[in-house]
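There's a structure below that I have some questions on.
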Amino acid sequence: MEHPVLSIMYKVYAIAFSLDTGLVVEGSNGEYVYLTPEERVELVSRVREFLPQDSNKLILAGSGCESTRDTIAMSQKMAAAGADAVMIVTPSYYKGGMKDTALHAHFTAVADNCPVPVILYSVPAFTVIDLSLDVIADLAHHPNIIGIKESGGDIAKIGSIVQKTQNVDFQVIAGSASFLLATLQIGGVGGVCALANVLGESVCELQRLVMENDMSAAVELQKKLIAPNAAVTKTFGIPGLKQVMDWMGMYGGPLRSPLQPLTQQETEKLRQVFVNAGYL
Amino acid sequence: MEHPVLSIMYKVYAIAFSLDTGLVVEGSNGEYVYLTPEERVELVSRVREFLPQDSNKLILAGSGCESTRDTIAMSQKMAAAGADAVMIVTPSYYKGGMKDTALHAHFTAVADNCPVPVILYSVPAFTVIDLSLDVIADLAHHPNIIGIKESGGDIAKIGSIVQKTQNVDFQVIAGSASFLLATLQIGGVGGVCALANVLGESVCELQRLVMENDMSAAVELQKKLIAPNAAVTKTFGIPGLKQVMDWMGMYGGPLRSPLQPLTQQETEKLRQVFVNAGYL
Amino acid sequence: MEHPVLSIMYKVYAIAFSLDTGLVVEGSNGEYVYLTPEERVELVSRVREFLPQDSNKLILAGSGCESTRDTIAMSQKMAAAGADAVMIVTPSYYKGGMKDTALHAHFTAVADNCPVPVILYSVPAFTVIDLSLDVIADLAHHPNIIGIKESGGDIAKIGSIVQKTQNVDFQVIAGSASFLLATLQIGGVGGVCALANVLGESVCELQRLVMENDMSAAVELQKKLIAPNAAVTKTFGIPGLKQVMDWMGMYGGPLRSPLQPLTQQETEKLRQVFVNAGYL
Amino acid sequence: MEHPVLSIMYKVYAIAFSLDTGLVVEGSNGEYVYLTPEERVELVSRVREFLPQDSNKLILAGSGCESTRDTIAMSQKMAAAGADAVMIVTPSYYKGGMKDTALHAHFTAVADNCPVPVILYSVPAFTVIDLSLDVIADLAHHPNIIGIKESGGDIAKIGSIVQKTQNVDFQVIAGSASFLLATLQIGGVGGVCALANVLGESVCELQRLVMENDMSAAVELQKKLIAPNAAVTKTFGIPGLKQVMDWMGMYGGPLRSPLQPLTQQETEKLRQVFVNAGYL
């Protein structure tokens, strides 16, 4: 019932990470949990295919599964399909069993068996698992683990990660535009932000301003992005994000059930936020 | 590296539901989230195959996936593979999006498209989603939704479900042996209990005592089961459950990573609980 | 602005514990956190005063404070004012500090210095602290700690407490009418129930039926109480409880701020629940 | 058993707010919930007494109680005892009842009846109540509510508060040193930080660097403060904070029970953090 290409393409989210260095495919906002294993791999191939051959954009693919075995297999397939690196979310179903030792073993086994570099991904809002500072600091020494997408938003934890990993090659990436400025300030290197799907230029501009040390402009822009960011994440989630993509002339497209479209009232509120911020 | 049959079979948990009426395949303790889609279906076939042809035991198969589409497909395949009914866990990744309307739409669509009856499954310890009383009461009117496995353990909620569904054909099943007696008392019809994997006879005996109205014996047995039940669920989880299966002469077998085996100290504590209760 | 006696009296809740044995003054539904230390003591005196001299009703007074020192002082004053026993809620403000050792030390010190027996009180819905089974089992050996009001509603935990304290003199009391039957079944001795403020006779009747082993009548009554109980606890809280007291010809009276009265719509829903159950 | 003055004085925490502008008496780290109402007021008097008469340091006193009535009375007494402003924590015991309307009514009534300015105080780690953006934005228009101490640490929320209150006179204050830099960057005006009790100069220095726009030095200092801050808050709490005060030649003094002193192992870990950071 969906157009064969679009049915895949609408899952592609071009999220800036580290100043417009590439695309993240199948982050949480990419509805990756609603894709079959085959679709997950195909989606990476298609994105690779559509990128110009001379593009230097990197593809970071979300390959996390609940089991270590599946995560390894998925990571290998995604690498073969063109991913330059993979992003591995914490497994989370058996919450009582996801202790430090289990998570450490999981990420180590995946990194040992993955042909491309691994980025950790901690997103307690969805997993209710907050990858601990100790485990992160330890995993940072693994030669094939190069960073973390930290979406918990605790700037103290982010600062602690930066501190504890300063002697190894490890990149700390803000998992949301709402704390991108704060993360960059404290030593993070970039962002993987839902908001970049709809306001990609502004998100990259924010990072550019920080790098050029134009702090007052950076602060103004960060403030301006707060309300739109909240609207397409915490408040209206993926349904909101896709709606704004449609408004912006991109293809947000339909949701996969059980996610439900916004009500008319919610849609109106969402529009107002973007109108107020001058983006619509 | 695992024996080809056993590698599948160790996922089969013969969990009594409604007084020894059948087997539950791929409940949470069946590590279903660690199986590939193909393994999930094959497992149902194998269990069907191994059951004597004249057996009247029912197979209840856990077919829940995150997306509605995948859940429908999995339910249809499991039915074709021999499942007599399916058990559908609440989707849970996008917690903010799993509102009543979304869950109602999900279960309705699955039930509409499933060739065998559907049993709802609410297990907040793993999903952090507690299926609401209103949604349950409403879904109970769907002709293809025949009951709920309620694992939250809130006996007041269980009683409320019984109350609100008393005029329709809807079965309330305790999701743990720890509140099996209380559930049966208040109008539930049976249990799908992790503990039944290791103490199946005792769990069935408990229900038999209640049905024969031998309450003092039932209470004594319920009390006796509390510590063993806690040990193989909340305290030591699946690693504990499998360990006891091995001790009992069944095949618990290895865990799939990231679940980790018990430490020696934990193993000793676990053994003590079963020794104290007279089961080892 | 309030009538001097009633302003105190509306805090008195005649809550049955252990088959109509007495009154609980200043449980959570008694808005005890909104009383000054002086009011808290005076309230106990007034209840004692109003009880007929030949009454054999016991007064159980909630004397818990955040600090051990204040709890001891309050317990001593309440005992002097006529309390036969005190009920001590877990301190809860410094959540990270309320580990097992801290809570064990707190209750021990209070029991050591309290002239009347102590009943533990665990109510995670308000405190977000769930007194652990280990601490309870250990404290049960203290000669001056005679029981627990368990309001968490986890019937498995309640059963475990009964099991672990069976060799000492320790009473397990259901903290809500919703799991009174289940608690009594598993070895508990009574209830301290918000619902008893408005349906005291029915709550006592439920316990009587269980003691007389008339289980089918007990189950029917328990079911009938579920909806009214939910309405005056989880759904509408203290504002709902007081409203129903007013309807029942008792004095619920005004709330202390910041608690707010029900809206008209909420009031109507509440009334409907009690009408449906045949109590209004 | 405690020295009459010290027994009070050890509750005084000289916490910098808004660049060394004054003292906060009875924030959460001041163990205020363990003081009697009389001690709470006396403490403010003593601090006022000990301040040089020509001091321009302000006293900000924590006067929050569970009830509106008690909070008003306490605020008035503290103002009379010398507080220049009061800080009002969200009431939190009846969690279900603390909806937006209730909290709005509470803070409005307190501000209406308080002779000195009011600062809101949201600290979900202790209260499990996160004062909502809508309520904050609305209360910011009250002429006697001048700011908020936001301790939740969600920098996106802090940015949103700044945004939503930019047209009124309202100060946003970081509730912890861990996100002081991030707060100041996004438009906050200062901090009320536990860490200032032991590293007051460094905390003030951090703010000074931001105001002088010496961002690279500010970032280095913020990073340096992260580990010590975590040690005296999340990891070791008040027992840790008091221990370090003792080491620094101040008077941390004994804890009030039920808070328990650190174990020897914890003490050693704590010391190591401060040694590593160069502060011991």
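Annotations for the structure displayed:
Chains here go by letter, A, B, C and D, matching the order in which they are written, and residues are numbered from 1 within each.
By definition in this document, a residue touches a chain if its C-beta (ideal position, glycine included) is under 8 Å from a C-beta of that chain, and two chains touch if they have at least 3 such contacts.
Model, not experiment: these values are computed from the prediction.
Because subunit A and subunit B carry the same sequence, their contact can be compared by residue number, and over half of the numbers here are used by both. A separation of 48 Å divides the Cα centre of subunit B from that of subunit D. Inter-chain centre distance (subunit C to subunit D, centres taken as mean C-alpha positions): 34 Å.
Per-chain CA centroids place subunit A at a distance of 34 Å from subunit D. Multi-chain contact residues of subunit C (touching two or more other chains) are absent. Interfaces, counted as pairs of touching chains, are A-B, A-D, B-C, C-D.
Taken in their complex, subunit D has these residues touching subunit A: 153-156, 159-160, 162-163, 176, 178-179, 181-182, 185-187, 213, 215, 219, 222-223, 226-227, 229-230. Partner subunit C is touched in their complex by these residues of subunit D: 28, 33-34, 36-37, 66-70, 91, 93-99, 101-103, 105-106, 109, 125-126, 128, 234, 237-239, 256-260.
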